[in-house]
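What follows is a set of structures for review.
What follows is chain A paired twice: with chain B in the first complex and chain C in the second.
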Partner chain A sequence: MNWFRPPSHALRRASRLARVLLSSQYALMLEFRAEIVLWALSGVLPLIMLGLWSGAGVVPIPGFTPERLVHYFLAAFVVRQFTIVWVIHAFEEDALQGRLSPALLQPLNPFWRYLAAHLSEQATRLPFVLAIVALVALVHPAALWWPSPAGFLLALLATQLAFLVRFAIQSALTMLCFWSERAAALERLLLIPYLFLSGLVAPLEAFPAPIRSFALHTPFPWMIWFPAQLLSGGTVPVAQGFGVLAAWGVLFVPIAALLWRAGLRRYSAMGA
Partner chain B sequence: MPIIRAEGLSKTYRVADKQPGFVGTLRHFVARRSRDVAAVREVSFTIEPGEIVGFLGPNGAGKTTTLKMLSGLIHPSAGTVEVAGCVPFRRQGRFLRQISLVMGQKQQLIWDLPPLDSLRVNAAVYGIADAEANRRITELAEMLELGDELTRPVRKLSLGERMKAELLAALLHRPAVLFLDEPTLGLDVNAQARVRRFLADINRRTGTTVLLTSHYMGDITALCPRVLLIHQGRLFFDGRLDALADRLTPCREVRLELVEPQPAAAFARFGTLEALEGRKVRLLVPQEQLTDAVARLLTTFAVLDLEVSEPPIEELIGRLFQQGVVE
Partner chain C sequence: MTSPLASSGHYLLLLRRFWSTSLAAELEYQANFVLELLAVGANLAGSVFTLALFYGQGHQLGGWSWNAALVVLGLYTLLDGLTTTLLQPNLSTIVTHVRTGTLDFVLLKPIDSQFWLSTRTFSPWGLPGLFAGSVLVVVAAVRAGARPGALHLVAAALLLVASALILYSFWFVLAATSIWFVKVWNATEVLRSALVAGRYPVSAYPAGLRLFFTVVLPVAFLTTVPAEAILGRASLGWVLLSLAVAALSLLISRRFWIFALRFYTSASS
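Showing the complex of A and B:
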């Protein structure tokens, strides 16, 4: 047996595995393109909120001109599209239908497949998101703006980090599927604070100071408000934002790993 | 040295205990009750490298639970188990690269993509170089008589084609141990024969150890010189198939549909009456008397339909347990 393998070998293998997983999952996502259009359309909450906040008689949000508000909500829409996580639903269904067992028998943690599926779905979603943004621009040309290159890159990074943190948090919740057959209900419970505190219904600046302060202690605003502000040119604590996102990730990845080990001991391979 | 060793292997499941009806539902909602069910009890056996062993038993006997413990999917409640020099439930990469489990009704292939896509993923997961993977795919596809099917979405394949593709996927990494849970379930006679031929070939060519469960006696007689017989979680027989066959009364099942219903006593001289529902009759007839019994049945009664088949394995085994001949 070859006990020592140079890092380049492991890297080559990992990169081949990533390439193959991503391409097969992308092919799978293309099979569901009609469904993905519907998912993309179902994520237009920020655009609906934009309509509500643009209405007459609404109290102005500190630091937001009407034009900035349009940019913010459009940015929030884009960020939301690329931070959607559904691993708990896929895992729960796979566990109940007995599809998890074959995946567990391979020398690859099944969560890498779920991660590849999410990333492939983002790639599939991209053209539809661009089409929706173009449509908004057509109806409302003032809604478009050009983000600064630095702002765009930081927003891209923050969006992907936010996605990974959300994936880690939901993965930890997903492990509860080993204890309950309906763990996805917990995710629905988290959806309410996520919707209100993330900045999807309003920028964080619209909330009273105590609620804003509370929200900043949760991971939610860093997942939408923070990247959306970076993208739309708003003022946000950049270093703190990346630090907080990284901290939530560092907290939840080991929690998910511990629950995974404990859960496998309880796994009964139902349905298989 | 055995490649599979199970010693006092047991598994107990905790299952919800709910009474039927509205009151039962309310009680279950307020105070959940559960009970322990012993699926496998102190099972011990060893299997040498290269053996093909049949795992027999009626539904719910504990066959699949034992396979799940051997493949590392579930933790045993008691006992020890070792497969290919590893403890399965630790799920080390070294172990997972040496085994494969094919479940008749469950699949590892991606449903909406052609099998080749899943095979490419498997090659990458097991670190098989592209050229080597292609060579193995070609070789296995030839043995399995698979061609265009590999480029058609799995959902468009017939059950038999799908099972062959599953076998290909399971064997791509050349496992030392292959666990098969009902590999021919639902397949037609031709497909069953092809799968059996393939498994025998693979075992002969590569020395893969095979442990398979099946409801079809045909699978067992065609492939397994040795059988393990399990009932209610306990191992009742471990030995050569011919030794077990001596204990089984060779018989055939004869199903009749008559023009007129007949009393049960009318069938006593043809064999053992298993079921009588109106005009439908099910008899077990000793194999050596089959031709004679069928001829006499046709001349004695006005018969609308007659079908002769192998009795289900669980029925034969059930009879064995009733007769107390299995030790």
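Showing the complex of A and C:
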């Protein structure tokens, strides 16, 4: 790699790379749109929980009317759709099938390709998510709301940041694939506290105080509850939320990078 | 063709061979056991926590007491363990067979292809779930003050078998669609995530969803109806209906497989 080129050149290369990666990955993802619909559908947990909470009649959660609850769960559903990360499964398969070796020969870290794949998948997913939201609105006409422009922008930002943090954490875990065949099992294990503490099963306001404060010390609620509250117009500590997300990202990006370099030294092409 | 009795003995022998060889293969990975134990424990803790969010505020889900709701959760854990033990490992391979063309070899074997595909492997990693679910069902039922008579216990056992068969049929039909849509294993993920609804008694949902979970996706028959029987309050109507649904879904899965095979044209065609 040539580091002595003028910065404008490097910038041009990066933007061209990004364009090519994103458009090729988007074309690839469009091939799999049927599969992506199924992935989108498999995120129904917040909608099931919405059914349970609204079946419960009066909602005894501070600050939540029945209508706000519908908005919250719908927002949580949308946020979850755009923060799904599967890099560990893609990487595991690539390493197993021997596709990692040719990727390593390219003058580009394979993780950029995975990142582009995730972003393209989100773009492919968008129409289906909108369709599901429309379907919910058809059943529950009161379910739709217009988020305030500021709330919408902040939620968009928080969702993307949450996605990047999850991507960084899972990438760090992915690197354990170099040492163990059970890395994906660890990820499955990590998914369990994520499911129960992130706000997918109930807004954090419903948690008893000690568990809520424990949850807020983990990254999980900041990935669903925080963006979902922003989107549905709830009150959340905005600056703290972005700060916490950024801190988790700053912690895990270097860990992933370090493990990547250490893992590559162990990698011997056959059977990793 | 031999007599049905001899052939069922033959199939039982095959089943034992299948499962002992896959058990031997799986036990190579003993670290899995710890991970699976942790996963079952954490999942149960999370589900109990979620239930407690409702009951902590003095609300009863669909009129079910705390312990009665735990019976439903136990049954869900049990069925989830069954899924991990048998359904997931076997039925996820149908897709691979179709994609790589090895389904040809399965069809050539002198045994029933649906039987082979549904029972070939056995993963011991679902056993912690099966065990934890059973314990939870018994403990919660006793604490709920259930005194089921012999008749109710028979009904409960029958209903459990029925719910396992319904679950199997759904998985199998979904996996069999891979004959047409090769990349279909995500569909089983959808099924698994929708079945999460079975963690809670079906009467806790609003009317529309309740109907959906009874008629379209029969979650009600998977956990709620057997739980009613264990708690000694099943009605004859529901028991018969549940058995009928199980028989029907098994029949559909059989018919569907025969139908699907007509469209299977082997690899590269």
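In this text, the second predicted complex is superposed on the first by the 262 of 272 C-alpha atoms of A that agree within 3 Å, B and C clash if a C-alpha of one lies under 4 Å from a C-alpha of the other, contacts with A are read in each partner's own complex, and residues count from 1 in each chain.
Everything below uses one rule, namely that a contact is a pair of C-beta atoms (placed from the backbone, for glycine too) under 8 Å apart; a residue touches a chain by one contact, two chains touch by 3 or more.
Here the structure is a predicted model, which means the values were calculated and not measured.
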After the overlay on chain A, what do you see for chain B versus chain C, clash or fit? fit
Looking at A:Phe207 after the superposition, I want to know if it touches chain B, chain C, both of them or none. Which is it: first, second, both, neither? second
Look at the residues of chain A and decide whether chain B or chain C touches more of them. C
Between chain B and chain C, whom does A:His217 touch in the aligned arrangement: first, second, both, or neither? neither
Looking at the overlay, does A:Leu28 come into contact with chain B only (first), chain C only (second), both, or neither? first
Applying the document's definition of touch, where does A:Pro60 land relative to chain B and chain C: first, second, both, or neither? second
Put simply, what angle do chain B and chain C open at chain A, by C-alpha centres, to the nearest 10°? 80
In the superposed model, how near does chain B get to chain C, counting Cα atoms only, in Å? 5
Shared chain A footprint, chain B vs chain C, residue numbers 32
Could you please specify the touching residues of chain A with respect to chain B in the complex? 13, 16-17, 19-21, 24, 27-28, 31-32, 98-99, 101-108, 264-265, 267-269, 271-272
Quick check on the complex: what are the chain B residues that touch chain A? 13, 68, 71-75, 89, 91, 93, 96-97, 99-101, 103, 105-108, 110, 112-113, 117-118, 120-127
In the complex of these two chains, what residues of chain A are touching chain C? 32, 34-35, 38-39, 41-45, 48, 51-52, 54-57, 60, 139, 181-182, 185-186, 188-189, 192-193, 195-196, 201-202, 206-208, 211
Chain A partner contacts - residues on chain C that touch it in the complex: 29, 31-32, 35, 38-39, 42-43, 46, 49-50, 53-54, 56-57, 59, 61-62, 181, 183-184, 186-187, 189-190, 192-194, 196-197, 200, 204-206, 208-209
